[in-house]
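Two complexes, one shared chain (chain A), two partners (chain B, chain C).
== the complex of A and B ==
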């Protein structure tokens, strides 16, 4: 049975990220960049502009934007698992207000949030 | 939804659903397995000539389909359409080569079909080719 999607080999070889190589740390509040998007990105539109918290650092990988354009030797970027409150993502969310949603987002999509709320 | 990003018709997370998603798995057809295998081969950096494409390029091709194609094509039809487009974009295969090869396999397939049904007096064109 075929797997759903072949992984890129960058994914297989990526090592655990030393904390120093990542801009954000676990627990940091981050805002997802928003604005016009051209071409292939892995950041879904429903989290753009939203504020979440770094749940973990997943590793370092090449950027999908570059890989999708045939650039296979670009810089590796930290990938974070960012945890959002569902009520932050969906204004009309009716579930438990403590429900969360995790999305893996590359460092170049994230901005620091100075004042936690 | 941000107005500037709302035009990415493949990015449907959170959009109202139009119809229920069928969740039962179907058996893979031989051509679907071949498309899957082809993608693995093209993405293998260890093969002679190196990696020919990445899954990110596959996704770019799929996301570049028209909204109509995106809705109507099946999963591996999208893969195949994208894979062919990326191979043509890179000049690894040309449209002429693809048309020539397609004509060859079409003739070969029709030959096999004729042999299978040789002596079958009820054989009709357009019969079961599964």
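== the complex of A and C ==
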């Protein structure tokens, strides 16, 4: 495939980075931004505004919002797996209170939560 | 768009064809490259994933490496997974894992082949995160009381493989015989 086809290079260049390069660390409490965003995003609606805990840092990847608009040379963003308690995501959740939902969320969607639960 | 379509909608087939033909016409890629990719995808089957699972059951050091860096450990077995970023999650007596992609149909195709239709259905995608215990029960999976259910939504760049628990009574089986027992659904967490 010719190198002029940028879509092929985006995922291949993603590399794991040391945790120091990321804003949040494993175990940090984070809140998902709750803004209305047009176009393609990879942050599910059901976790917008919810608080979770960083389960791991996945590496650095280009932002899906930019990729979907044809911008393939944007900055790479840290990607996290954020763990939410199901009872916090769904107020009427039926199941064990320890049940969790892990979701991959990019750093620019996350804000710090000062008081850890 | 993808939130409302079901897979019997032929407009997406036409869209794919139009898009592909345009890319070929513009010389971005060739039909041969598309065919090669499609053939690669169809050559992958859950037997590959089952081989990885059985190895982890037989080799605890391999299992540790698999849980730490799924892609690197799978490559150790000579399996080419391309750019796959694999996260392996282990079922234990305390934790049962279930994988879903609520946004589309992300799936470790290089290791399990094409996802089953139910995995791509709107019902599964919506309900797996909302009421995983009810979904699991419909698959005949009823974790013991007190088990934590962890649902993993493949929303971005990672792909997930569940490492099921080794069934009781398989102590005398060979690694290959154990691999034959591992089902696709079990590696999604739904079997």
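Rule of thumb we're sticking to: the second predicted complex is superposed on the first by the 108 of 117 C-alpha atoms of A that agree within 3 Å, B and C clash if a C-alpha of one lies under 4 Å from a C-alpha of the other, contacts with A are read in each partner's own complex, and residues count from 1 in each chain.
In this section, a contact is a pair of C-beta atoms (placed from the backbone, for glycine too) under 8 Å apart; a residue touches a chain by one contact, two chains touch by 3 or more.
These numbers were taken from a predicted model, which means no experiment stands behind them.
In the superposition on chain A, A:53 makes contact with neither chain B nor chain C. Of the two partner chains, chain C is the only one touched by A:102; chain B is not.
In the superposition on chain A, A:68 contacts chain B only, with no contact to chain C.
When the two complexes are overlaid on their common chain A, residue A:81 makes contact with chain C while staying clear of chain B.
By the touch criterion defined above, A:39 lies against chain B but remains apart from chain C after alignment on the C-alpha atoms of chain A. When the two complexes are overlaid on their common chain A, residue A:94 makes contact with chain C while staying clear of chain B.
The intersection of chain A residues touching chain B with those touching chain C, taken from the two complexes, comprises 1-2, 5, 44, 46, 64, 89-90. Chain A makes touch with chain C in their complex at residues 1-2, 4-5, 11-12, 14, 42-44, 46, 58-59, 61, 64, 79, 81, 86, 89-90, 94-96, 98-106. Contacts from chain A toward chain B in the complex involve residues 1-3, 5-9, 34-37, 39-40, 44-46, 48-49, 64, 67-70, 72, 89-90.
Looking at the complex, you find that chain B touches chain A at residues 1-2, 4-6, 8, 11, 13-14, 28, 32-33, 36-37, 39-40, 43-45, 51, 53-57, 59-60, 63, 90. Chain contact summary for the complex, chain C toward chain A: residues 27-29, 33, 83, 85, 87, 102-103, 129-134, 146-158.
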